[in-house]
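The block underneath contains the structure these notes are about, expressed in structure tokens.
By letter and in written order, the chains are A, B and C; residue numbering begins at 1 in each of them.
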Amino acid sequence: MAISPDVLEKLTTEEDLPELDLSWLNPQDGHKVTATRVRPGRRGLTLDEVEAGREVPEHSINYSLRPRDARGRDNVPRAGMYYPSKSDTWSENSRLLYEEAVQRQWSSATDIPWNTIEPLPDDLERAMCQLCTFLTEVEFIAGDAPGQWLPKINPDYYETKLFLLTQIMDEARHLDVFRKRALANGGGLLSEGQSGPALRSILDAKDFTEMSAIMHVFAEGFVQSLFRTGEYISQNEAEKTIYRLCAQDESRHLGFGVMHLKYVVESQPWRREELHHYLDQVEGPLSLDIQFGTSAATPFFDEAIIILAGGGRKNIDVGVQRLLAVRRRQINEYMHRLDVAGLPERRDRMNVVLKAFLDPPAN
Amino acid sequence: MAQEPQTQGPDIPEDLVKIAQDNNIPLDLVRRALALGFPAEAVKQQLAMPGVTAEAAEQFISQQEAMRAGGEVVIPDDLAEAAKKHDWPDELVKRGLRLGATAEMLISQMDAGLRPDQAERFITQQERLRGAAQPGAARSAEAGEQALDLSWMKVPTEWGIRVRPGKKGLTVGALNVGTYGDIPDYWPYQTEMPRGAYPIPGVPAMGYTIYEKAELWSDNAADLYEEAIQRRWRPATDIPWESIEPLPDEIERAMCQLCTFFCEKALLAGDTVGKWLPEMSYGYHEVKLYLATAEFDAARHFEVFRKRALCNGGGMGIQSPGYFHRAIIDARAWTETSAVLHILSNSFLMGLYQLGEYVAHSEAESNIFRLCIQDTARQLAFGLGHLKYFLIRKHDRREEVHTYFNKAEAVMVYDDENDNVLREALIILLGGGLIKEQILDGYRKLEYFKRRWVRDYLARLESAGLPERRERLHYSLKKYAEEPVAAQAA
Amino acid sequence: MTQGGVKTRASFPSTEWFEAVRSLVNSDEQYRRIGTCDAVVGVKVPDRQKYYLLTFEAFECSEVKESTEQEVDNADFWLEAPFEKWKELITNVKDNGKADLHHTLNTIDLEDPQGFARSRDGYKRDLFYRFNQSFQYFFDLSSKIETTFPN
């Protein structure tokens, strides 16, 4: 099959052969098309494989959408103002996490065994629905926040952009799956949560590293511990699957944040105090919640966990103990991540109310 | 060590028994600690601390029992001194000690800067939880419940919803039942409260700017969201990369130039939609969900075209003039953004993907373009759905929509006229080489395809309720538009 | 492919032929993995006056039936080509195990000035693009059928 020559002749508006420049076929840098081809490895054709041997610049004055390694043109209008330094937005694991995210996507519609959900006692169903209302609420902030940073990340550091795009997808699925769970078992959504002030601090961030420290390392770290708890207190296979899959996604976000923080600490050591300031800020509002009788979230949230963890309203004592265990795990895991990121002194500087849950150092 | 029989008092969890035995702490002491209301987790933590002895534990628990029995709480001298220095009232310090805090811990927190008002709130919370956690005979179930607020259990949201999975599993669209299916024309909440939940006072605004349904809605958003997830693909492993063979230099460079163009388009789409997501209020989550998948599409498109450009000896080409990017970046309303990005830009992007599939030299390329065609078709569907919804409800803004298209079409044409590199790459790919006959063939085919692109673009706008665009089309595009009768026949 | 050890044999165009492909599609795990597909697709072989409607729903092709031209005109979109073109497409699929690079649905569509995929509605026509891999897979699976072409 082919396009009819008659048709081509009839439809062509200018029959004269156009003048072609074709100078772009012979680039000034003398780059030759070589037979050196990149072949897929065990994980397919990954970004690490195609980028092997290519340099990522430490600084960039690219203010257009020119992809890294593409040749520039004169007179291209600026597309925005981007962060000029690699340190501002880079994380060494972003390619790996991006590929992992693409491979490990899942569907809340068909990958959750929804038919395993059985009617629950009213108190447990209400507690699960309150927890789901809280989670569907917080998850989308984590989708909106990366979105607003995308236009500020330099195309020369596209890996960070790609990673954030997967995070937006992940958070959408989380919003969606918890809404589904709330409406799948004879329940419904319940009360709006009380975590607004804390969530606002994520949107209020004025710097990418500030946002990442607050959202990826602090907030998502706490949510990650919560997902693991959710799996533990799940009443059926559907819920267990939901929490396991969400925890998987959340680990990638945390992984990005921790390694970005590490990159900043190592490449811009003069920012150490600034980073502590961000953590001071975020530990403040969230710990205020604790002082008002809640954990790193809200009283409603705490009470839902207490009921779910205790197995009902009649076992409040067990629920409280498990809530305290969750809280302790959250704080200790948070500190461990800061150790990895190169901020071990946070142990001494941590908000005292959080510090109350901190175990002594391992050694 | 032989296990002590558990006699009176609360049961000791098995793991706590083990920790106590490992640390040579009598189980009776543990039982007394639990009877005092200390959570098992807290006891475990204390026992695991280095240097804990049975004697120290006995002393501490005896003190606590004495306090609970109404005995006077004695503040040690060093603690009293620290409390005075930091303005902590004696009664607050005593409440802390009653809760089981050691003098050393309280001094440490005072020195670390814990203010008395902060401490007061924390201690109140701990007292409340401790009351709730009194086990067994020390607390009735009712007393435990009374320690909790539980107002969230009684909020007047719709209860009793049981959505079951259908042929496509449990979908977002299926959740829109009862009051959860009421999608208001105006969303009144500035917070992140999900649609259908019960609002509470005092939550700060999140800074959204779009609260009106007509400004962002598309009826197909929920379905497109699920469709995008089901039809996801993975560039690393779903493309038969090994099928790509070495190509003549000019063909390889032309393909790489096309890939470079697509990479820019993907960056643009990702940044643009990302910028708008935080502007959209939470009541219309279906739209935000779908756009999240479009963001994921953008990532995969950048990835797959960069990989194609770098995997076969070619490399990235030359950036585009960038004028048309600005027409999209500069849009100041979502409807403008969607019309220009999803409908105008994507109509021509779709045409280029079709062309890419047509000239594919390998299974890998053929697959890449076909998969991108699918993703882009969803974005087109969303854009058309939104424009249709907008035009039906905003009769007075039809002219405004034309203004957006007027500007964007003009800039797109200008950009195209200035992008001789992309044009030449397309001619080479369509003609198959550089000899004169191939160039002529490529040029003619490009003109042929441009007619199709304009035809499809106009057909889409007609379906969205904007048939008069045919008359108002930019004059440089108009020459590619067929007569209405012929277009209808097609 | 054999069904119960017997190779499926059918002539094109016929309801039996589309039923045979439908049956293959609905038992094919790879087709399901491509994702959901929702569209009513017409098939026109105008020089044989043959018209069919194929209904795709969720993860399956739920129905195929012979139809009238008028009904097909109301489908989301239809695929239209003279008998000889259909024969070339199906023969190419059979010879290669699937469409080669010059016989994909998209390529055939582009080469026809009126398009292979047509619709009265620009929005609905885009379903041809949205579910392109599913439709391509549908026709590629016909390689497992012994197709005969009546004169």
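We take it that a contact is a pair of C-beta atoms (placed from the backbone, for glycine too) under 8 Å apart; a residue touches a chain by one contact, two chains touch by 3 or more.
On a predicted model such as this, the values are computed, not experimentally measured, just so you know.
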Of A-C and B-C, whichever chain pair has more C-beta contact pairs: B-C
Chain closest to the assembly centre - both centres taken as Cα means: B
Separation of chain A from chain B, taking each centre as the mean of its C-alpha atoms, in whole Å: 8
Chain centre separation in whole Å, for chain C relative to chain A (CA means): 41
Centre-to-centre distance between chain C and chain B (centres being mean Cα positions), rounded to whole Å: 37
Per-residue overlap in chain C, given as positions that touch at least 2 other chains: 107, 110, 113
Residues of chain B whose C-beta touches two or more other chains: 168, 226, 230, 232, 448
Chain A residues counted as touching two or more neighbouring chains: 3, 7, 11
List of chain C residues in touch with chain A within their complex: 85, 88, 102-103, 107-108, 110-111, 113
Contact set on chain B toward chain C in their complex: 166-168, 223, 226-227, 230-232, 350, 354-355, 357-358, 360-363, 366, 369-371, 373-374, 376-378, 380-381, 384-385, 448-449, 452, 456, 458-464, 488-490
Chain C-touching residues of chain A, taken from the complex the two chains share: 1-4, 7, 11
Residue ranges of chain C in contact with chain B within the complex: 34-36, 38, 57-59, 101, 104, 106-107, 109-110, 113-115, 118, 120-127, 129-133, 136
